[in-house]
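In the two complexes that follow, chain A is the common piece, with chain B as its partner first and chain C second.
Let's turn to the complex of A and B:
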């Protein structure tokens, strides 16, 4: 395949995805638009989590908590008559600030201890929400959240939210892509591989971890903020621990540390979970079935992905894509010992 | 020894592990532009001293000064920003990144732009990325890896991986380069290349400390050599001086392999 053909394939793929993203809300039914918005929200959260898992090498099982912090921040402010746009803007800030504050002690932990501490944070947060009903509505929830207004624009229909969420998702993806392809992005990748090597190169590893944790929480926060205006009502039930697990599964399915993997993982897992829910809620089936079914299926997906394509969907596809590069079959630079130092999937421009 | 202004001044440095003093009141100074060898038999404390200077270990007591500034409590990243670059004995590469990207990580030390500037592609991001890339390309050319720029770092053979570590160090525009056993595991030809490269960097005025097991390698390139044994400095001088130092000979004969004692004589 020639270089020109390859780039035109990439370009047309991007155009097709872009156009269908724009056109879809117009043709979808209202319940499908809801799924569409859900995928967009998950994409935003998962982009941040992927940045945390793939670049700083940290796993958070409390990402739904930051999603919840964003949702409650925006919801409470909107109910108290703050301008809705200000409330939405406050969502990522609140989530980021909380992540920064708890990140200082939490990020001193490593591996499993860190994972469980983020899980514990979410459980604590849920208890706090249930016990501060004067502010949050407690277990009953917070209702009467007005529609979002951006200047003269009222964002009220599902379609409106579909566009809003994708504008934000694209912005988040672009920011993340820019970040990963720069000095701080290289530093994050380097420290995920070897922290002592990274610190020797002048990278302040601890502070970078904290920034990454904060940014990923802010992404979850803005998604939560959009969610609360879209649904108009929130209760602690909307932020279960299983949601945090779902976000991690999405990262793994899409491919840890790949920016576009966030979207693929979010879409695949959201659709699967919707199918399972509709299956489980058909009459004559026990009410617990969706939860049990989805947990079982997630476990299965996780095992299959990790066994067969540990790089995730996007990671695996991009590896396959690289193999089609024109010079892959030609001989590359040769080591002084005479053996080719290039693997089959690798090419060098001057080869 | 005090007639020059030392770039690095090590004073009474102590580091214990349990009851054992791996480094025990070690003092020495390295002048600007010097290529200093640091040798000693196994367990002499070379690696501990190396990590004390790089910042990956902290001393129990004693001081370290770099350009007259105390650094013994600074973390490794802060020392790197001051101009101290290191290459590890066990190669620390950033696998999954290309040779060029690995080298560019070295540019972190002298650039400033952070997350917001990178996220929104602000002017300083563009300016600094260009400078880092130029410096990295130049550093790769210096070590002879420019042909392999776009390859994954882990695909290089060991000798070239070591060169890549040096390229990354050069990309950080160091004022002091610490090399921990760079010749270990190299083939004869790779060793000659390394020798030539270090010689070239030395003539350009880069200050280096070469921690090396291979005494022959060090004595052939270093101007001055500091000899450690059981945590103490037992000798310091030109390669000729230390080769005939009775303390050094005893230290090496006590534990040496035939290779090393051959190098010493």
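Let's turn to the complex of A and C:
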């Protein structure tokens, strides 16, 4: 297969996925549209987390906290009669600013210490939300959030949100794709291999880490902002620690360090959990079955995925695709960003 | 050095690649055509596949002679699993009982259960799924945040939801299509205050968790306290996940309070009870109806002995006099439940079973349409395992303090206090 044919197949595939995901809300039932929006929101968050994990080598178990910061920022502003679009725009800014401020001390930590500190941030945030009921509605939550309006356009139905999420998710994916192919992206990948080596090469390691952390939080923030208008009600229960863990699972299932892996991971994990959730609910089935399915079978599926395809869905498909290339060689100029020589651990398999 | 070369090579390669693309215009055009054709075929195939696989959004309305579809959203996974599981058992039991006697107006009930995973976002998805399935009414969530999250959708779809969560805010003020079966925290709080007053208790300490239930219960009770001559002299807060209560209990001990009132739902109350006894506190320990089941009494064990616990009237079914109006309804439900599951039904089972009974009665009166059910519910008086409800367009809770029992944990069994015995006659 010639290089040109390969690139046209890849492009066609991208166009097909893009167009079919655009067409989907028109044919889906209203409950499936809700799942579609959920996948879209998760894609936005997971893209940021993948950027953080795959490119900067940092693991955050507190990404749902930034999702929550975005949601609460937009929700609080909206109930205080700010224009909803301004409230939505403020969501990623607030999440980004908070990430920047806490990132300065947090990102000095490494490995497990960093993971636990992000987890601690989420736990602290939840306690703060519950104890500032004058602002956040506390544990009872904040209701009466008005519909989102973009100029004269009211975003109210599930389909409206499906398209809004689609636009934002595509924008986020494109920004990330271009970022990873640019100088900062190369710097981040270099840092993921060896921070000291990257530093020796003149890369401002701490600064890049902080910027990456801030950007990933801003992605989560905008997703949270859309979420709050979509649901119309917000409470701390919507942002449990398990949600942060689910985001990490999505990154791993999709493929760490792959941009389109964020979408695939979000879609695969959401669909599996939805199917398992609905399987055990029949009135004739034992009442404990949903727990068995949601914990046991879900865990089993994830273990199988990770055992069989540790590089994730996109990572594995990308590897298989590369094998079809007749002239592939480890030292040859295989892609446009020099990824082939960075090693499999941090390769950006699809950009 | 290798690293620097790697990074530089990346930039260089990009230029090479760009140059290569412009080499042959004719081949490029042909490639573009091929791309377009491939994309078109794939899009059409995918759309056909989707049309074949996706569930149709415009399902026909349930036929008048088929089974009546009733939805149920509850928590079968996540932190509220014990509550939701008993909810489901109660609802299924009631549906089976109705179907065994020929259904409603000659039609069987088909219960469609959805799991909200103790997550408000999932509850919204579940609501839409049930609407796609064409249900005429829904037994609503047990998780308060889920109840609040679905309200806009309930009102938009105009399908009544009889919720089993204890969130006063969903019915205060009464909202169209939203009803609830558990006693509100307001009437439970009032009844506990009346009990304290009857016992001559005036100086009370409170400990509450930061859940929506704990917060609402405490605030409702505080607002009513002066009416009953009760003064809250200490207010301690803990988390749903708290395991240590030393600081709260030390403060309670030194405050001179005559009783400790606890508002909260979950395993934390079990730990608090054990530490309360371990610290040698002997003042009455009072709990809301969230602890009125073996889900509390069993793990609390001997430490829970003597605790005063509010309960729906169903919780003391065996102790009710046979002249009590709801006695036969309660015991009929409880005996079937106990025979099948091996334990006396907790309030959650009564709540969901009662919700099914209300919807069934509404269908019997006004037909199996959402509007008919809603109209019937708005004026319904019905006796279920939770007592006798009187709904009105301005009261979508329907219970009064007379349906709240004050019990004492006696070796793991909830035994009515003299205060309640006097009330039920």
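In this text, the second predicted complex is superposed on the first by the 302 of 351 C-alpha atoms of A that agree within 3 Å, B and C clash if a C-alpha of one lies under 4 Å from a C-alpha of the other, contacts with A are read in each partner's own complex, and residues count from 1 in each chain.
Here, a residue touches a chain if its C-beta (ideal position, glycine included) is under 8 Å from a C-beta of that chain, and two chains touch if they have at least 3 such contacts.
In this text the structure is predicted, and so the values were computed from the model without any measurement.
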item	value
First, second, both or neither for A:130, with chain B first and chain C second	second
Partner chain in contact with A:106 - chain B first, chain C second, else both or neither	neither
First, second, both or neither for A:190, with chain B first and chain C second	both
Touching partner for A:175 - first (chain B), second (chain C), both, neither	first
Contacts of A:32 with chain B and chain C, given as first, second, both or neither	second
Winner by number of chain A residues touched, once chain B and chain C are compared	C
Contacts of A:198 with chain B and chain C, given as first, second, both or neither	both
Contacts of A:211 with chain B and chain C, given as first, second, both or neither	first
Contact residues of chain A, present in both the chain B and the chain C interface	183, 186-187, 190, 193-194, 197-198, 201, 333, 335-337, 341-342
Contact footprint of chain A on chain B as seen in their complex	54-56, 75-78, 80-81, 85-86, 88, 92-97, 101, 104-111, 113-115, 118-121, 125, 128-129, 132, 147-152, 155-157, 168, 172, 189
Contact set on chain A toward chain B in their complex	175-176, 178-179, 182-187, 189-190, 193-194, 196-205, 211, 215, 332-333, 335-337, 341-343, 346-350
Interfacial residue positions of chain C with respect to chain A in the complex	3-4, 6-7, 9-11, 13-14, 16-17, 20, 27, 31-32, 34-35, 38-39, 42-43, 46-47, 50-51, 54-57, 76-77, 81, 85, 88-89, 91-92, 95, 111, 113-115, 117-122, 124-126, 128-129, 131-132, 143-145, 148-149, 151-152, 167, 169, 210-212, 214-216, 237, 239
Complex contacts: residues of chain A adjacent to chain C	3-5, 7-9, 11-13, 15-16, 19-20, 23-24, 27-35, 38, 127, 130-131, 133, 138-141, 143, 158, 181, 183, 186-187, 190, 193-194, 197-198, 201, 227, 231-233, 235, 237-238, 240, 274, 277-278, 280-283, 287-288, 290-291, 294-295, 333, 335-339, 341-342
